[in-house]
């Protein structure tokens, strides 16, 4: 097939041993590479940061360049829970339910000051940070963060996904982490 | 500034005084808004009168909110803003009540829109609206056992342990 | 048409005699189609909705309580987060309410500048609302195209106040600095480039057979019911009542502008869509008139009211003049002296009459600040609008009402 378009970048292969007809590498490196470029996010958008998320998905800042083309609103089918916006105490249990329904491996990114720490709302009705109910991997500060910042957060998540050890989700530290939040 | 339609305003005051007399406690103009302070028992009849009257036609309830003046002898108040679209005249009606008898008749029979507004006032101040079809909390969690907008309660969550009050000057 | 389908179903024909068994469906707080966190527990008869119970408050941030603690200028960032799709409208509305309390006179140039940013906010909000109606009927592409124009408006706001979405634009008395050349050139470019794109969007949807089938006679409400519920804004105007705060109680020199108020007939989703569409055209006409008026003015320097007691004085004055120094200090500390009293001020926000009821006891923060939030009031009418309709129609009705969760719960 004659292709005129040779200007595309291919991802670097992981370190490995290659020979005639084979290439051997660590399995979690290969899986990490496959996962990081095809994360399926679950946009849990509650307030203003949700509109900046819409701007990040829009063509100008295009998040699908990073593999996040397919948004999944079903927790069972998604990898990355993006919590964007203020989470009130009324919403906290629902957020925990959504997190529990997600299948492993799952990552959480807290976008915005309200999700990270309660933001400017130090009141009786706002949860002071979602890390009171679910474990968080990356925090993106800002009120609301610019789309470039959200993309920066996503790149950090991709770094975490790339370098995650294959046994992490079965380790005792992870189980302890979940137990701290009351999640079995 | 809202322009006061003096003729409609005079007619309003006259009709209210004729029908309710002593129950209209005060009547004044606060900047550009006529304000009536009335006794709470007559509030439904008052709004019904203003609604049904063919000249006055106060058929739009702009908003309804609660207020708390702890030092007053009638601390809890409900404030209604009415608007007559045809005459382009707005009025403000206030009623007050005490903590022991914190019930005010509900106006949902006159204005369907007062339903949630009264639930919000109940949620924030604990004012019971008698005759309301569904008086329960609307914005806060259902299990909350105090009424947060009352002046004696603080803004922050009292159960936090991780905030060091020394850093916040408290 | 739906009545015909229902009449032709023979109850004996379908799965025995237990046809009318009601199912409870939770269209829960996290739902892709609800564009916000509110819950509807719907009782359904097959695909038809019998009744719904609404729960809100999932993003209650206690604005009214926070406002009792903060100085007047510190409440400005809170008002951003009410209807966050059009923050500039909320900001300007709040600032005008405070200026009414303080009895501040605002120069004409500042008023025209405020009109420009308010109408830009209205265009931005209706832009998103209409393209989201498109998304919910299945036309996903229009959203990606129309959001680009929202980015252009973000760039204009960025030049004026530094922020894209939650603008906190303006200060008590005007703006914090004069608009720079870049802002003006971006604004003029936007006014030239947006009309053809809006026309393209309109022609894609407004006479589209599929869109008409999905939106005509869906979620209709009569004018009497709408008024009784307290509807305002495009939802009320679609039902046939021509109530617009800009005409009824003009503020910020709106009486100097010529524009019409589009009014619908039946109050269904199609009318709401068309009313918002026409309002966008009218807003553009207002902005063009404002730009022309500002160009014709000789004064190109005023950007706030000249009252040092409530408006930050210029730095040269602060360093040289004792009173200005004292006023500067007092304002930064928030210790301005408002008069005692109460006021109510309303603006025509993107969703309707956004009102601010401020009770002041002379202190640094309001004694009571109540927001009259249009979304909170008209969302009560939702169950009435969807009874007997299909579930997919209920979703479109919800998105055409433009319910923004931040304004719902405050």
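We call the chains A, B and C, going by the order they appear; numbering starts again at 1 in every chain.
The working rule: contacts are C-beta pairs under 8 Å (C-beta built on N, C-alpha and C of every residue); 3 or more make two chains touch, one makes a residue touch a chain.
Just so it is clear, the structure is predicted and the values come from calculations on it, not from any experiment.
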Pair with more cross-chain C-beta pairs in contact, given A-C and A-B: A-C
Most distant chain from subunit A, judged by the mean position of its C-alpha atoms: B
Chain nearest the overall C-alpha centroid of the shown protein atoms: C
Between subunit B and subunit C, centroid-to-centroid distance (C-alpha), Å: 24
Geometric centre distance via CA averages, subunit C-subunit A, whole Å: 31
Distance between the centres, which are taken as Cα means, of subunit B and subunit A, whole angstrom: 46
Interface hub residues of subunit B, defined as touching at least two other chains: 139-141, 148, 155
Two or more partner chains touched - positions in subunit C: 57, 60, 62, 65-66, 409
Per-residue overlap in subunit A, given as positions that touch at least 2 other chains: 90, 123-125
Subunit C contact footprint on subunit A (complex, rising order): 44, 46-48, 51-52, 54-55, 58-60, 71, 73, 85-86, 88, 90-91, 94, 98, 120-121, 123-126, 143-144, 146
Complex contacts: residues of subunit A adjacent to subunit B: 89-90, 122-125, 128
In the complex, subunit C residues that touch subunit B: 56-57, 60, 62, 64-66, 68-69, 100, 225, 227-230, 241, 243, 248-249, 341-344, 346, 353, 355, 357, 359, 368, 370, 372, 376-377, 379-381, 409
Subunit B residues within the subunit A interface of the complex: 139-141, 148, 153-158, 160
Subunit C-touching residues of subunit B, taken from the complex the two chains share: 1-3, 30-33, 59-63, 65, 67, 79, 81, 85, 88, 90, 92, 111-113, 115-117, 120, 124, 137-141, 148-149, 155
